[in-house]
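Notes to accompany the following structure.
In this document, chain identifiers A, B, C and D correspond to the written order of the chains, with residue numbering beginning at 1 in each.
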Amino acid sequence: VHTHSTYATSFAQARRPIPCLGTTHADAFAGPVPVTRALTRREIEGDYEVNTGKVIVECVRGNRRERQADHGPGAGVLVWGHGPFSFGTSVEEAVEHAIALEQVARMAYQTLAINPLATALPRVLHDKHFHRKHGPKAYYGQNKS
Amino acid sequence: VHTHSTYATSFAQARRPIPCLGTTHADAFAGPVPVTRALTRREIEGDYEVNTGKVIVECVRGNRRERQADHGPGAGVLVWGHGPFSFGTSVEEAVEHAIALEQVARMAYQTLAINPLATALPRVLHDKHFHRKHGPKAYYGQNKS
Amino acid sequence: VHTHSTYATSFAQARRPIPCLGTTHADAFAGPVPVTRALTRREIEGDYEVNTGKVIVECVRGNRRERQADHGPGAGVLVWGHGPFSFGTSVEEAVEHAIALEQVARMAYQTLAINPLATALPRVLHDKHFHRKHGPKAYYGQNKS
Amino acid sequence: VHTHSTYATSFAQARRPIPCLGTTHADAFAGPVPVTRALTRREIEGDYEVNTGKVIVECVRGNRRERQADHGPGAGVLVWGHGPFSFGTSVEEAVEHAIALEQVARMAYQTLAINPLATALPRVLHDKHFHRKHGPKAYYGQNKS
């Protein structure tokens, strides 16, 4: 799902990943929301739409490898200078992730305005929140069945 | 009552108390809205939800002791990196305080953007506003009976 | 009319007058929207509500004298640390001014965020906008009769 | 079409053009949204409304000449200290451009808050987005017929 929601798009335009500054972010995303690399002139003048898809895949894969982990269901990516793309195992889930992405972007924006030196949530707290809601050891939140 | 309302959550994520910058704040809260300490690794990996409750209680008690006063009905707390929790003598009252907390957070955010050096309301003015609405000498506002 | 509208209240909390940065402001207000002086301890502990009214009147009068002009129908004032008060020849007009005051405050806030060095509109342009809508030489806007 | 939409008006009040920071902007406008020059005292005291129209035309023409290109259907201009004006081949189109202008202004505002050093989109990417939607080689977007 691709949107031009204003806060997530602003991070994409600012070419800054969305840092994980709070538990709302950790509930939905396994790490910071990354920004793709910029397309080259050749990629832009060539098959632009396909090449945009390729840098998204490249970014998601690189990010998983780096973190030695699966991105989980809340995966989202910011395309450099463009806007947010989100994924899911169904269209409904991808839309939910797009909404979470915008909410998380808005609160990161406000948090950095209050405290430009705000740092990422400690890893142990991030993992606690993410894994209590997602994956085999999940125990928190509404029962989806 | 626990919400993820965006401005109050942003202060919690920025790990900054909400200073009392105006009479709207003083009408609802007896002092600045405090931030709890961060949970330790042990507390996060242990009984996380119970330990979150414990640091909230610890924060409210420490805050009352420091101010040598009862927090009054408008009590609210920001959990470090997480978001706002508010209290009341009934669920309805706690919801009202959650709404006041978000409004106060939003105006503190904007006030600090206009004037980063804005200082807290003088104590005498804060007390005047708080006590004309709450406690035994209250005389202002809608009659609730 | 007294409101706690968020942008005007934020200027009051920041204890900063709202500068006239554009023609929207000049359409409604004859000059910057002033901030009252702070009340003294004695005034707060005494007849607080009456004394608040007195500093508002003091501020409006001082402002008119300084500008050697009538404030016109769009008069509004920010009470130090508190919020906006607006006036009119009828309650409806005062409400309209409260709405204009909030809109003007919001755009001043955003303008200063884009350009912290933004300066006031030149006097000749301010007067042109104000006087084409208000007073004996008005010729612009909806006919109210 | 002339509006006082808050973000576009704030750029006009800040007397700053809206830089093209992302593809949303490039989809609608062929370049940055320019600001007119300020009117002179003589122009303000003379036939003000007509002279405002003249500086708009002057700005659009100068901008086209500089860019050696037609401004395309998404043309918009900020009048110095005043607000946005947008154009189109029909009233409906001009309204659409006014909406796009406000959206683009809002995201530029947020982008610059996140990263004050954010730079304009590379020209090749800007042109790709603009020309895939507008002009003889357009191939993207909803079919309007």
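One rule holds for everything that comes next: a residue touches a chain if its C-beta (ideal position, glycine included) is under 8 Å from a C-beta of that chain, and two chains touch if they have at least 3 such contacts.
Worth saying up front: this structure is predicted, and the values here are computed from it rather than measured.
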Number of steps on the shortest touching-chain route linking chain A and chain C: 2
Set of chains whose contacts include both chain B and chain A: none
Copy-to-copy rotation for chain C and chain D - C-alpha atoms, rounded to a multiple of 5°: 90
Chain B and chain C: spacing of chain centres that average the CA atoms, whole Å: 31
Centre-to-centre distance between chain D and chain B (centres being mean Cα positions), rounded to whole Å: 43
For chain C, residues that touch 2 or more chains besides their own: 113
Topology of the chain contact graph, where touching chains are joined (line, ring, star, complete, other): ring
In the complex with chain D, residue positions of chain A that touch it: 4, 6-7, 9-16, 38-39, 41, 44-45, 48, 81-83, 109, 112-113
Chain A partner contacts - residues on chain D that touch it in the complex: 21-24, 103, 106-108, 110-111, 113-115, 118, 121-122, 124-125, 128, 132
